[in-house]
Structure formats: C-alpha cells, structure tokens
Amino acid sequence: MTEIRKNFGSDNVGPAHPQVVDAMLEANRGAVASYGGDPWTARLEGLVREIFQTETTTFPVATGTAANALALSALVRPFGAIVCDEVAHIMNDEAGAPEFFSGGAKLLTLPSPDGRLDPAALQAALARRRISGVHQSPVEAISLTQATEWGTCYPTAQVEALADVARENRLHVHMDGARFANAVSFLGATPAAVTWKAGVDVLSLGATKNGAMAAEAVVFFNRDLAREFAQRRKRAGHLWSKQRFLSAQLTGYLQGGLWLENAGRANAAAARLSQGLAALPGAELVQPTEANEVFVLLPEPLVLRLEAAGYGFYRWASRPEQGGFVVRLVCAFDTVEADVDALLETIRQAE
Amino acid sequence: MTEIRKNFGSDNVGPAHPQVVDAMLEANRGAVASYGGDPWTARLEGLVREIFQTETTTFPVATGTAANALALSALVRPFGAIVCDEVAHIMNDEAGAPEFFSGGAKLLTLPSPDGRLDPAALQAALARRRISGVHQSPVEAISLTQATEWGTCYPTAQVEALADVARENRLHVHMDGARFANAVSFLGATPAAVTWKAGVDVLSLGATKNGAMAAEAVVFFNRDLAREFAQRRKRAGHLWSKQRFLSAQLTGYLQGGLWLENAGRANAAAARLSQGLAALPGAELVQPTEANEVFVLLPEPLVLRLEAAGYGFYRWASRPEQGGFVVRLVCAFDTVEADVDALLETIRQAE
Amino acid sequence: MTEIRKNFGSDNVGPAHPQVVDAMLEANRGAVASYGGDPWTARLEGLVREIFQTETTTFPVATGTAANALALSALVRPFGAIVCDEVAHIMNDEAGAPEFFSGGAKLLTLPSPDGRLDPAALQAALARRRISGVHQSPVEAISLTQATEWGTCYPTAQVEALADVARENRLHVHMDGARFANAVSFLGATPAAVTWKAGVDVLSLGATKNGAMAAEAVVFFNRDLAREFAQRRKRAGHLWSKQRFLSAQLTGYLQGGLWLENAGRANAAAARLSQGLAALPGAELVQPTEANEVFVLLPEPLVLRLEAAGYGFYRWASRPEQGGFVVRLVCAFDTVEADVDALLETIRQAE
Amino acid sequence: MTEIRKNFGSDNVGPAHPQVVDAMLEANRGAVASYGGDPWTARLEGLVREIFQTETTTFPVATGTAANALALSALVRPFGAIVCDEVAHIMNDEAGAPEFFSGGAKLLTLPSPDGRLDPAALQAALARRRISGVHQSPVEAISLTQATEWGTCYPTAQVEALADVARENRLHVHMDGARFANAVSFLGATPAAVTWKAGVDVLSLGATKNGAMAAEAVVFFNRDLAREFAQRRKRAGHLWSKQRFLSAQLTGYLQGGLWLENAGRANAAAARLSQGLAALPGAELVQPTEANEVFVLLPEPLVLRLEAAGYGFYRWASRPEQGGFVVRLVCAFDTVEADVDALLETIRQAE
C-alpha cells in the first residue's frame, strides 16, 4: 500500500518518472563523445522537431533558472530591458539570474490580476515609456510564463496578440515553460500553435517538475538567436561533459507523449482539489485552476491545523484583513486521487 | 545686453559659474601629485566636513550617473536589490548603470504621486515580499532622490522615517542629490539634518547642474562603506589622473556658500515661473514647485507654438485625454527674471 | 564479452559507476523537501566531514566549471586577481567562467614545466608585481589543480609551501580537484593532509570524471568564505530543486571508499599504458604519469593510424619540429588491462 | 622666474595648456544642447576627420581607462579574449576595467623586450592555442599601445604586419594611444598612416597627458563597431551632460597642431635627458628613448639621493642583482631644458 502524499509544496518535491529513469539507465553504457556529441542529444533534437513540427535548435540544461537566464541573455543586450508580469518567476524567484547572465539587463514588470501579460497593457506601457536618446534601457524582449505563476494559462490568441505587439516594437519573445506541458494539456492546443506559430522565439521547456530528475530544454525556434548560446552555456558551467544523461532524461520525458500524460494527471489532480475546495465554506479560490496549481484563501486556524497535520504547502500571501492566507497547493504527475481526497477530508474535519 | 534664455530643457544646458571656473584656473599651475594627492582634493574633504559638520570620506567624480552607480555598488551585493521611487533617475535615466556597476543588482520600484518614497508604503512592500531561502534578491538598500524627479523635496522628517524603516530592515540608505542644493535651499534645513543626522549613509552631492562643468562628490557618512570605493572608481575609469580639476570645481562650488546661493536663484526663478503659470487659464501645474523644476500641463497647440518660438523643454508625458502634454521647465542658477517673464509673456500671447 | 574500449579522449566519455546509479535509484522515492532539504544532502555533509576529518560546508553542483567558478567567486572581489599555472583548466578550458562568476576578476598565470605552481616562483612573482595604489588588480587567491592538467600531482609539502606563500601575502587558496581522487590515490596521503591541513580554503571535489553522471562538491574548509555561496549558486542556476539526485551521486561515490578505488583503477591503467609506451621506440613520454593521464609524443603517421583505427584521444600540442604531436591518453575507472594492451599492441603493429 | 620642475613622475602631474584652457573658457557661454548636441562636439568630429583624412565616429570621454575599456568592449564579446603585450596599460594599470566593461573578457599577454607585440610571435601564439569547441575564449581583438609602456614606438610597418595577422585571424585591432601624439611626433608618419591605413579599427586618442585637463577621444575608423558605443558610454557614467567642456578641450588640443607641438617638446626633453644620462657612468638606459619616457637603471644610493633632493619618479622595477632600480622619468609638454639640465646636474654631483 502506498503512503498518502501530504507534500503539496511544489511539483519539484517528488521523484523522477520510471520512464525517465529507464532512459538514463539505458544511456549508461559504454564510452560516447562528451559535451553533446552523443546519440541521445541527437535524438532529443529529432524529438523536439517532431513535437513542434518545425526546425529547432535545442540545448539541454539542468535547471529552469539556467534555461530562462541563458535564453534571455540571447535576446537582450547588457543595457537592454525585458518586460514580464509582476509575478514572473524570472523576476521574483531566480535570485537575479537574468541580470547576471545578461550582464545587467533590466526587468520591467506589469501588474495583472492573474499572472498573464495583457497585450493592450503591454502596448500602452511601451508607448508611455519616455525615451530620450541613450538614457533609457531599450526594451528588447518580453517573457511570458506558460503556465503562469498563478497557475493560469495563456490562450493561444493571447500569445499571438502579445507577439504582435512585440513584433511591432521589435522585441523578441521568450516563453518560460517550466510548466509548459501543463499548459499544453489544459489548452488542448498543439505545442506548435502556442509557441512559434504564435510568435515565440525561444522556449524554456520544463521537465524537472513533471517527471525528470533535473532537465530542461532551451528550444530556439528563431535559430539565429542561438548563435552564442553554446558559448554562454559553457561559460556559465551549464554544459555537461556527460550530456547524454541530460538528453536521455528529456528523450525519456518526451517519448511517446509521457510529458503530456504526466501533465494531464497533475492537472486532473489539481482540478479535483480545486473543485473540492470550492465546495467547502471556509475556502475561497483566488485564481481559476487551469494547470496543476491551486491558489486558495484559507482561514489562519485551518492553515495552522494543516501544517500541524504534516501537510506541506507555501503560504503564498498573507491576507490579515480576511483573517487568513492565500496558500499554494501543487499537484504533480504522481499525485493520486487518494492524496487529494485525504487532504480535502482533513480540511473538512478541521472546519 | 544679455540675450533672453529660451532653453528650459534642463539645468545642464548652461555654463559653469565664474567662481568655479576661477577655482579651476587657480588649480592650473605647476606639477602636483596625480590621482588625488593634490591640495585641492584635500581641501575638498575639509570643506565637505565643515558643511556637513561630521567626519566624511569624499570622492569626486565627473557625472551624476557615475556618482549614483558607484555609490550604490558600495551598498549592495551583486545578488541584492535596491528600492527606489518609480520615477527615480537611477531607474529611468541611467541606462542600467546601477545594474552594471553593482554586477547585476535589481532595482525595485514603488509608485508615488510625487516622486517621494512613502515610509509606510516602503514598510508594507518589504513586509509583503515573499522570501523563501535564496530564491529572492534580498533588499539591501533604498535610494532617495533629493530633490525628486518631480521637483519636490523630502522634508527632513520623511527622510528620518524612511531611514528608520531602512534600519529596521537592515538596509543602507543612499541619497541621489543631483539637485541636493536645491532641496537644502527649499527646506531651509542644514545639510547635516537632511542627511547623516536623518540616517543617510552616502550622498551623491551634485554640482554639475548648479554651477560646475562636470563634478559631483560621493560623500560617505558611513565611512565603513567606502572601503572598496577607490578601487571600484578606478576600475570604472572614473579616477582622474589630474584630479585637482575635479576637486577644484567642487571647492569653488562649495566655497563661501556659492552652492546654496546658486540653488536659491534657480529655485526663485522656478517659483516665479510656477506662480506665473498658475495664473494662466490654459496651464495646470501637476506638481508643487519646490526646487527648480516646474511640471505643467499645457494644451498641445501651445506646446507646438512654444517649440516654434524656439523654446526648449521636455515633453515629459503625453496626456491625450486632456488634449496636451505635461512639460518640464527647468530653471538654473543663471536663469534671470527676464527669462521667466519672457516665457510667461510668450505663453500669454499664444493663448 | 565486453568490447575493447578505444576512447581515451577523456575520463568523461564513460558511464556512471553502478554504485552511483544505485544511490540515485534509491533516492528516487517519495516526496522530500526540495533545494537541499533532503536526507541525501545531509548525509553528504556527514560523509565529507568523515573523509576530511574536519568541519566543512559542502555544496553539490553538476559540473566542474560551476564548482571552480563559484568557489573562486567566493575568494576574490570583482577587481581582484587569481594566480594559477599557465595550463590551468580555469584559465584555458572554462570559457571565461571564473571571470563571469567573479564579476570580472583577472587570472594571472605562471609558467611551469609540469603544471604545478612553484612556491619560489609564486613568491617572486608576487614580489615583482608593481603595485601603486588602486591601479593594479590585487592578487587575492591562488588556485592549484590537483592532479594537474599535465597529469602530475602536487606532493603535500608543495601544497603546504604554496599555502605558506599565500598566507604571507593574505591570499586564499583554492584547489581544483576535478581529479582529486586520482591525486590522493597516487600520493597515498590522507584527504585532510593535502587540503585543509596544508592550507587549502576550498576544494572543488570532482566526481563526474570518476564514476558520477554529473556531480561535484564544493567543500569549504574555511567556512567563513561560504557565506554568500548559496545565493551565488542559485543566481547562477546551479541550485537543483531535486538536489537529492546530486547529493545521492556524491554519497554513492564517496561511500565505502569507491572514489579511491575507482581512482586507483584509473591510475593503474594509466601507469600500465605509460610503461608500455616507454618501452616503444617511437613514443616519448613528455610528463611523468602520476594520475590517470598519459602525455606522449608520437610521430604523425602513428597518430593518423591510431585515429584511422578508431582510437579517440586529444592532439594536445603540435610538435612539427619533432615530426609529431603530443597526445593525451586518459584512462578512467572502467578502463581495463585489455583496453590498454590492445592500444599498445595497435601501436606496436603500426610502427 | 619659473621654478625648476622636479616631478618626473608622469606626464599627468602637470597643468593644462593655455590653448586648451582658452577653448574651455570660450565654450563657457550660454545655453547649448546637452549630451553632445553642442557645436564643440560637432567641431571635434570635423577636426578628427581632417587630421586622420577619413570618415570617423568620435566619442570624447574624460579618462584613458574609460577610453580603452569602452573601446575594447566594442570589439569583443563577454566570452572573448584580447591579446596584448605583457606590459600593456590595459593589463597592468587599469584595475580590471577591460574585464569590467566587456562583461568578463579575458586579456592574454605576450612577452616582449620593449613593449611591442611582435607579428610573428602573435601569429605563433594564435596558432599554438588549443581550441576545442566552446571551452576556450576565442581571441577577438588585439590591442597595441602607441607609444608603448616602455616608451618605444611601433613603426608603421609593424602596425601593418600586426593588423595583417589580426585580419587573417578575424581579430579587431585597438590602439591605446594615451601617448599617440608622442608616437606620431617620433615616427614622423601621418596620423592616418599609423592607424586606419595600417589596419587599426579604433584608437584611444589621448590628450590628458599632453595638455588637456581630462579628455580623450575614442576614434572609430571602423564605424560599424561604434554602434553600441553611445549606450555603453552612458551606462558607464561617461557621458557628460555638459559635453562641450570635454569636446572643447579636444578641439583646443588638436587645433593648429598643438597636440604635435606639445608632443614634440616632451619628446625633445626626454631625448635630452636620455642623452645626458647615457653619458653618465652610473646610469644605464634600459630602453631606447623614442617618445617622452626614459627608463634608466640607477644605483640604489643615487635613487635615494634623488628622492631626498625632492625629485619625483617611479621605481619601475627592482634590480637587486645590479644594485639598483629601473626608474621611469617622464617629460611633458611643459618640461623645459633647464628642468632636464638641473636633474642631470644633480645626478652628476651625486655620483
């Protein structure tokens, strides 16, 4: 009998998926060329092209922060600026990595109710920006998070509209897809439709949170932008000598649609949790649950009781005026119905 | 007869004051030790200590951007953050210099109606900031602009209240004093009262806009923070071999109260302009005129007519919904009543 | 029957050791705290302390370049300098990572016949350095490579002598131990004796080349120097969310002495190869073979024939005046006698 | 009667030339556009083009370190490398500025007897450099110092030969001309012949050491390389708001050949000093005196006696085996025969 999982802290607290592990084990044989000259890396590019139905240039790295910061450093100059949503991971949770990797570029944020940049707000902000000669950092890129930090997803049309604004203003478009699989699964769109067909230049394609040990792929659709990437990756210590073990994680992850299956399971668990919470009098959802994260306002005594019961989650924001906290509950590919139901039951009994 | 001055674009469009020039000429004699080992540099430190009535460590540099960015790099680590007002010069007009000099630190902004950080808003923002381990850039400093970019001044009590919040949160306090003289003149406070006595660690003391050719002094009241400054200044190319010519500008500027006299004249001209505009039906002041800058909403046809008449000023913000622009009109130490009156008369006739 | 291994290109072309893989699989269970709050990370610190017989602060990362560059960034300021041997990996093979991570520090090199810094040469170079105020980058650290890039090892007494020079000049001491196990195995010294007891402040303890998939440990003996490391690691994208998979590789590697066993095997294979080559008329060893690398001058036709026969190795240096190339042949923990003998036999037949 | 000048420490210990001062005073009138939109800046470009007989893009800055570091940052990427002579100012006397401004590029040095890069040695070093993929910093530029740090000058043919090697290896060519006037004066070549006609892409054209207060011009002959310069200069705090005062120094300096006249005087004084020293038994010239610097080996007692007599100079290198020091004696445009003769007489009497 499996233990009930009480850790809803993040989708990075869990193990790797067996199919990913098997791919790594399969790669653990014999001597192969190092630094990416191995068959798994070649296979990875093939898989990515198949999935996105276009030519790509793909670089595997071990962490999402590395993927994002390296990708952004390919899009802006050291004196440039990047616009993102005020809750973006690149702004709030990467310890200044984009500034470090870019050599000092500036992140400018726009507020939103749900973590999604709004095309009209973006256009207005760009137009409002006072520019006089060389004194201001020119905006050179935007970065979208798909799914967002609030667990919402950009509809394809919104990505397109944002990319249109970007193109009119000569900005590059980055997509932080740490939870890209969850977004694709929710949207029911093709991977191509929400990325390059919509105008995305480069995607950080996450795997760690959805079944890998430590693997993300930086996928350039605008391949011209990739020309310095290999050198920047090496200089940042993100080129693995035994790269096969990164690439194999990603091939195992992408092979046969595992990535979308896993995301589908995580999303379904989150949806079940969200619906269960919506039915409880003491809980109030503060965001629609679209991907695999649930943001819910809970009264302080309940939060304390859940913590005492061994449940793991983030207190996302304090809401003293409402007597509680917004907490974040994250489901992963290995969260099962019984885990969700046990949590809901614990809440019900606590109320 | 002197020509009427029509350039209200900035307080940096004008010449240097004769007393500053004389000091430079007086320094232009004989061989002296380079890199700051000259008598004028020694004299400068003495003058600064006299004016601020405390021990200081002072470094002259040629530009305000250098002064600010070097000062900030002494206060935060490359992975730290600085809080400033959303209209701060360091955020909007220095092309990313603070990020460059600090090695990638982040500027975080707070909105305000008048360019002044609010102590309660600062405290709330710091408290609201989600911090979990090493993922967020720790706030390590605040930066106040005195006078602000909106031409307003921080009352001494507000500087004290902000520094209190800073101290409670273990933040250093920087003051961007590109127009410090104008603020001191307006406030009628002592230089000590609005800086170190209120809790300021380091001041960028401007002179260029108020009578110098190109000279600013970085004044450390918290002298421990100055320990790497000399090396950082050299590395940034801001150590002059013939430093006497920087220091002499500053001694000429500070000697005998010239700096406050000049600021008083600029402020008086701005006040006269502001009052004159307030009396005109088509003009609407959008900020109180405290230092030497006037921000006024003018209808578009009037703006065009002034430009056609050869007047120089910045269109600060477009206000299409009100049919015009907020324009910035800046007075300097050499703006005379006749210049102001001629501008007002031109506006009156244009309406 | 196993295939004969012909790839002597590097010790990073091979697979991971089964004991390392088993440790990773064992770690692949259940939900644990992310970002290092897992049991394997705690166990790793314990193991490191046991092996080095002292208090340590240890950070696992995935690559040697990250380990070195992050470690160095803890030892020097952005305007400082590091002295290393002219063939050091940090100088020649890390694409500028030390400069990047340190914010611009300078690497200064000293020549040597065998990749080892000489204490007297170091002292002389430091004494010779013209220093006048703030114009020169102060040397703040030295970096030793153990085993060196020429496959030689620093005797304990030489490490001590270098650290003495460092201490007298107030320099920190870094050891690049990408092949530390090979050096310890060769020297027959304790890990403590060649590191902190000799005066080393921080060690990059390699595992990737000797049995891991992608894992190195940055081990601080001078724990004060570790205080910013966690933030710098995160900012560089080198903090794994699922850190257990890094730590488990290292515990698997260090557990029960596997690291030294593996190194012993690699060294033995290299020694066998070296002795075999020494006996051949056409080959000339250019360095003593102490660790697991053999540097041998081979005539060009032989080099071509080996390459044609499918052998993998680096042409390290061209020696046209001697009609050949210095090639580097690297043995790893899984290089067996048969592999070595087959290579020797191929050479014998080719001559 | 003028005082005898005893300070031979550097050509930056003296005052500005009256013609430079007059140009500054002449510029100190009325309101003009800031940030380079002034007539003096326009005039400067015209003068530079006239002197170099070609199209140029010119940026005035206040210091040589800024000029060099900004120029180099236009030539190499953050992960690139620059080759220079081992005694180059950019390597030894700029506190890491090139690394800082370039975002971490590497300086690689070649030894020489006289401060001049040798074309054959450069070619050999580039050919010898082991390059395997992305691990090494690609050399992207060379930097020549004209006149060199040893007071020697590159003959035109040597600049051409170096630029040929550069072109074959796709490297850009920078010339550090802090003492460019002295070199041109010595060589008797046209400014064009030793720069763009020989293959130089960008020149740091010094003035501070030869008559200005604080002014250097970065002159791009390869104007494509200038495209990011204005933004980089602003970001580094090196854009003056009152740029007329920089430009006027330079127009005063270049106008009517003053720059070459001044250099001629400094060179002549150095030649006189050099010849005088050569005739003394205790002194040994260690470099030919070509520009305005004399490097001479003096016995220690003599060095002490000169210092005691109030003479200023640098002890450039200690030569204990020869019982003395190499000292550097620098003449400037305002060093007169009487100054030189007094020094020689002091030495004669001391011997």
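The letters A, B, C and D name the chains in turn, as written, and every chain counts its residues from 1.
Here, a contact is a pair of C-beta atoms (placed from the backbone, for glycine too) under 8 Å apart; a residue touches a chain by one contact, two chains touch by 3 or more.
This structure is a prediction, so every number in the text was calculated from the model and none was measured.
Shared contact partners of chain A and chain B comprise C, D. Taking the CA centroid of chain C as reference, the farthest chain centroid is that of B. Work out the mean CA point of chain C and of chain D, and you get 41 Å between them.
A separation of 51 Å divides the Cα centre of chain B from that of chain C. Rounded to whole angstrom units, the spacing between the C-alpha centres of chain B and chain D is 34. The multi-chain contact residues of chain A, meaning those touching 2 or more other chains, are 78-79, 94-96, 100, 103-104, 134-135, 231, 234-235, 239.
Remark: chain A residues 78-81, 92-96, 99-100, 103-107, 128, 130, 132, 134-137, 314, 316-318 touch chain B in the complex. Against chain C, in their complex, chain A makes its touches with residues 3, 5-7, 9-10, 12-16, 21, 24-25, 28-34, 61-67, 69-70, 94-97, 100-101, 208-209, 213-214, 231, 234-242, 245-246, 312. Per the touch definition, chain C reaches chain B in the complex via residues 35, 77-79, 103-104, 133-135, 138, 228, 230-235, 239.
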